[in-house]
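My structure is below; once you've seen it, I'll send some questions.
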Amino acid sequence: MVIIMQAGAPESEVNAVIAAVEKAGFRPWINPGVERKVIALLGAVDAAKAELVDHFSALPGVERVTLISEPYKLASRRTRPEPTIIRVGPVSIGGDELAVIAGPCSIESREQMFEATRAVKEAGANLLRGGAFKPRTSPYSFQGLGVSGLQLLAEAGRAAGLPTVTEVLHPDDLDVIAEHADVIQIGARNMQNFRLLQDVGQVGKPVILKRNPGCRIQELLMASEYIMLEGNSNVVLCERGITSFEDATRYTLDLNAIAVIKRFSHLPVIVDPSHAAGDWRYVASAALGAVAAGADGIMVEVHPDPASALSDGPQSLRPEKFQELMDSVARVAAAVGRRVARPE
Amino acid sequence: MVIIMQAGAPESEVNAVIAAVEKAGFRPWINPGVERKVIALLGAVDAAKAELVDHFSALPGVERVTLISEPYKLASRRTRPEPTIIRVGPVSIGGDELAVIAGPCSIESREQMFEATRAVKEAGANLLRGGAFKPRTSPYSFQGLGVSGLQLLAEAGRAAGLPTVTEVLHPDDLDVIAEHADVIQIGARNMQNFRLLQDVGQVGKPVILKRNPGCRIQELLMASEYIMLEGNSNVVLCERGITSFEDATRYTLDLNAIAVIKRFSHLPVIVDPSHAAGDWRYVASAALGAVAAGADGIMVEVHPDPASALSDGPQSLRPEKFQELMDSVARVAAAVGRRVARPE
Amino acid sequence: MVIIMQAGAPESEVNAVIAAVEKAGFRPWINPGVERKVIALLGAVDAAKAELVDHFSALPGVERVTLISEPYKLASRRTRPEPTIIRVGPVSIGGDELAVIAGPCSIESREQMFEATRAVKEAGANLLRGGAFKPRTSPYSFQGLGVSGLQLLAEAGRAAGLPTVTEVLHPDDLDVIAEHADVIQIGARNMQNFRLLQDVGQVGKPVILKRNPGCRIQELLMASEYIMLEGNSNVVLCERGITSFEDATRYTLDLNAIAVIKRFSHLPVIVDPSHAAGDWRYVASAALGAVAAGADGIMVEVHPDPASALSDGPQSLRPEKFQELMDSVARVAAAVGRRVARPE
Amino acid sequence: MVIIMQAGAPESEVNAVIAAVEKAGFRPWINPGVERKVIALLGAVDAAKAELVDHFSALPGVERVTLISEPYKLASRRTRPEPTIIRVGPVSIGGDELAVIAGPCSIESREQMFEATRAVKEAGANLLRGGAFKPRTSPYSFQGLGVSGLQLLAEAGRAAGLPTVTEVLHPDDLDVIAEHADVIQIGARNMQNFRLLQDVGQVGKPVILKRNPGCRIQELLMASEYIMLEGNSNVVLCERGITSFEDATRYTLDLNAIAVIKRFSHLPVIVDPSHAAGDWRYVASAALGAVAAGADGIMVEVHPDPASALSDGPQSLRPEKFQELMDSVARVAAAVGRRVARPE
């Protein structure tokens, strides 16, 4: 950590900061003889002490405090240099194989769920998604089938031989979700619902943690730390678009998040082009871009009949469009040394 | 609702959309004889049907669908033209009086809490804030004193004759919070934790709902609708800064949110300049700006010793700075026809 | 255009709007018998009349006006359905071939320029870039070699058989730039310097128009219209990152801009991953993502010795890294039906 | 400047950085014996050397470089601690008086200009604005009356005894503008048109420099440095809204920019609430907020008949609304120790 004093801060303030640094258990190290003092802390400032930034920032005479090390630990590549590979049944996420998670936004009926499952399986997806508890912006919108939806998802997954992914909204639902699904998803709106992160961390299942569209990559990594601290390090991060002033798409896909996350963390990262674009016309382009940029997987909404979907119809691909996309995905994946594994 | 077809969309697609509109219970109204068809829905498209936007958007040949009416109902000024005034003990929020909510970010100790309470009371605050359950970006940061913090808050509030405000993070804590505090706050990170909104809506206490920094004003109003639908219409909205590319301050205070909310909703709106700026140096300027712009109140972090604060020290005002601010607030409030009520 | 009146707007206001619509030469068309009037304009509202949106918006009783057609004309895919292919010497941009524009940010010396040229030529670039007039955030930074830089660029390009690209900042420099370079670039900061756009439009050379990081895609298309109206339709659009709250990279690459532009316009679109990321570590990932997503080309900064670069060193690739990137680019391009043409 | 090496960077890289620091004329100062080296530069790193950040960032083994001092000099409060007060005829900007610049967006006709002038003069404005050369997003929009507009502006200003403000777009127009107007405005779109800044800096007239909506405050201060370096230090900065994801208003007014600029610079800062909001309904609220927050002035669009305005009608105030606003402005100004001076 580096503490930058205001130019011309009086010696008394500099001394008070030095005392605070020592009290916190560090050796201060100060540049000599110049107008603006800089105080560096000798000794490792680990994640547990990152909040000292705030503490020192509030001292009189301090202009700015810069944290040099990352404020997360378990998620950091410095803690674990090699990439984490997460196994979900026959699929592995984070290695050479590319995860393709597909299915409808909401589980709406047995027929819809089985038809969607058949379509995504045929096209080559290796994980099945479907929402039973839906976080909807409007309280008047369809909120999901709940437990009966979970049962349909589990049944469809078993029939197709595909592991399943579904989202949790409330701690009370965790047990029944863990019983029916293979991977638990924390949606973008709950990325900083820290108590839910802790609750999910205590369940022994892989977790997909979606980035909140208003949060920085560093905040996403800090959120993953909440889960990992509970003993669960099987966390897949998911970029799904951030807010920006551009309104031609619903969100702005932050493609560089892939390379940034891979630089600072060992956790796998996937991309959800459907929510980022909010319009099926742009999904294929973004999905291929993500694969070429190095994503460990993609998550795509597919619906047998988007016009009758109870949620996110405009961004869902029809089965035939998804099939086309998968053909291209296979080629682009090969071009960057990846392959789409197909469970039997 | 207005449905705009793609230029040159074939008659079959136009007819399919017309059929869908009729099936949804509306009368379609179509412009004649031009290249690009526009289909308007006759009949009120209320909030409960707002999601038809998605449905119609996904139909073949549709370019874009525009919702004309607001997607919220109870929060809308069209449902209730006069402003909502919320009474909290001797204070009222939303009328001529200005609410001034002040206190430390976190409750840290009896001494700190009582000293802060004395300071804000003397300076003229009329509501007391303090966090017992803290949502922290890092799991290594201080997470709050929990129930014993609540007890200190309640005790300090009683002693000073100030109603109290505190934040809820987890449904399991709701009962004990409702027992100890007068106003329940939903923090920015939980603004779209819809299940928590519903749980809070069932408690008969006024609610302060903070805007998530990545959410639009319309999403804030939709979130308030979740609470109001449970029968609780005592909701105060709080602007506390949104994300933007500017990094001189932690967030960008969206000052116009005050006027926009007042135009579309009857709910009171307050401003939190402390979190928006993230730096005490900018708090007074933003607080005065908010009062002049028409806010129904401000929420300010005050700490007897910011340098020893366990959270948000850099943005907390010392008691003497807060006193100065309150002197100016009184003058600016008077200039716009408002006054700071002081409970006895 | 669709004009939406406020709910309950009096008949006098509705009539005044109808009169204004008729005065503007359109036939109004009004929905019958509902609380909120919607007035549609019959007849084509072409780009030249797009500003009527503002006019009608300012009329009493009007809530909102929606423009249905695009506010640009020459750049629109509706004016020209097939993609524009621009020939620059032996290279074509916008067809099956992929344009790879590479070179140093600034031209610094004969040695640096020739070494960079050799490196990018060998690796497979087909256009050579180099800045002689540099727009620098700080007036204390290197501002470019000016005309002597242009001469070096032209010489290096001729020697390598590569057409050249350089940026114009001031109308006074246009002639000398047109004399020495094959493609004229309008930088991001001048995207809405409309008078410069007009001046450049009058020169008979292909233009690369870079998107301003604070401007929407629609504004980029409107800016291209300024150039095309002068009779020059050889405009290549360039996405180079937009502003957002994420600070892990200098800008946020808006990958979806590729698909959005291709939907609405016939103009070619390329991507500059160097400026978007601001860090060489992220350039390759973004470049490959752009190619897979359908970009017509990429523009990459390459410097023989980034640490001694007079501008943009941190985002410049060393020659060997660029060579590696080009190997991958060739594979990914092939996977999406594209190829990198190499001039002899 | 502080250079942070990657953790575990080899000694050879550390030594190379030290050598580079010494070569640049600084004494390096390195923390001893810890895993991650930090190299501080002893000696003042003035604005002219700020670009060394880029240079050092590109060296192998460097993780990040932090500039401690500001990258601007003439605009910095450290160069000039007391606020700059700029005199324009009888008005002074930057001291106790509040500048109120008002008038139509575009000068359209003699009648419109004189009527608007009478209205703003009566209401208490002390500077007159009007655009003769208009930067319009669309080439099909009204581009201004040009020189004949300038003549009308000058005439109306003389008649009312109000100094005048108008915008320059092209260097060729500078002479005629300087002849007719008292203050030259550089519009938001040209904030980083550095050559124009230099051209304007050479004219001996006060300048209003508007912030580009996609630029940070620091970039605004750097742009002012371009003007001041030419010998003209009479620069007024103008906040007029930045881009963000919120679409309820055209831009997001960055209220905190006032306090941030006042902290780092001695230059006066004014606010343009009209362009920020894009809707007259929100202008008064934002204008009052700006005055209370400490702005040195406001710039408001007023049009005798907004519905017939050739530009920006929706955000223009009618004369009677502007009169109401000015009554409130006077009260709020007094509440924060300011007054609106009225030229005779």
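We call the chains A, B, C and D, going by the order they appear; numbering starts again at 1 in every chain.
Note that contacts are C-beta pairs under 8 Å (C-beta built on N, C-alpha and C of every residue); 3 or more make two chains touch, one makes a residue touch a chain.
Values in this document were obtained by computation on a predicted structure and should not be read as measured data.
With centres defined by CA atoms alone, the chain at the far end from subunit B is C. Per-chain CA centroids place subunit A at a distance of 39 Å from subunit D. In terms of their C-alpha centroids, the spacing between subunit A and subunit C amounts to 31 Å.
Inter-chain centre distance (subunit C to subunit D, centres taken as mean C-alpha positions): 26 Å.
Within subunit D, the positions touching two or more other chains are listed as 214, 242-245, 247. Viewed as a network of touching protein chains, the structure reduces to a complete graph with every chain in contact with every other. Residue ranges on subunit D touching subunit C, taken from their complex, read 20, 47-51, 54-55, 57-60, 71-72, 135-142, 169-172, 189-190, 192-196, 212-215, 219, 222, 225-226, 229, 242-243, 280, 306-309, 311-314, 316. Those residues of subunit A whose C-beta lies close enough to touch subunit C in the complex are 214, 216-218, 242-249, 252-260, 263, 276-277, 281-282, 285-286, 288-294, 328, 331-332, 334-336. Subunit C contributes residues 2, 4, 7, 29, 31-36, 38, 40, 42-44, 64, 66, 68-69, 78, 243-245, 247 to its touches with subunit B in the complex.
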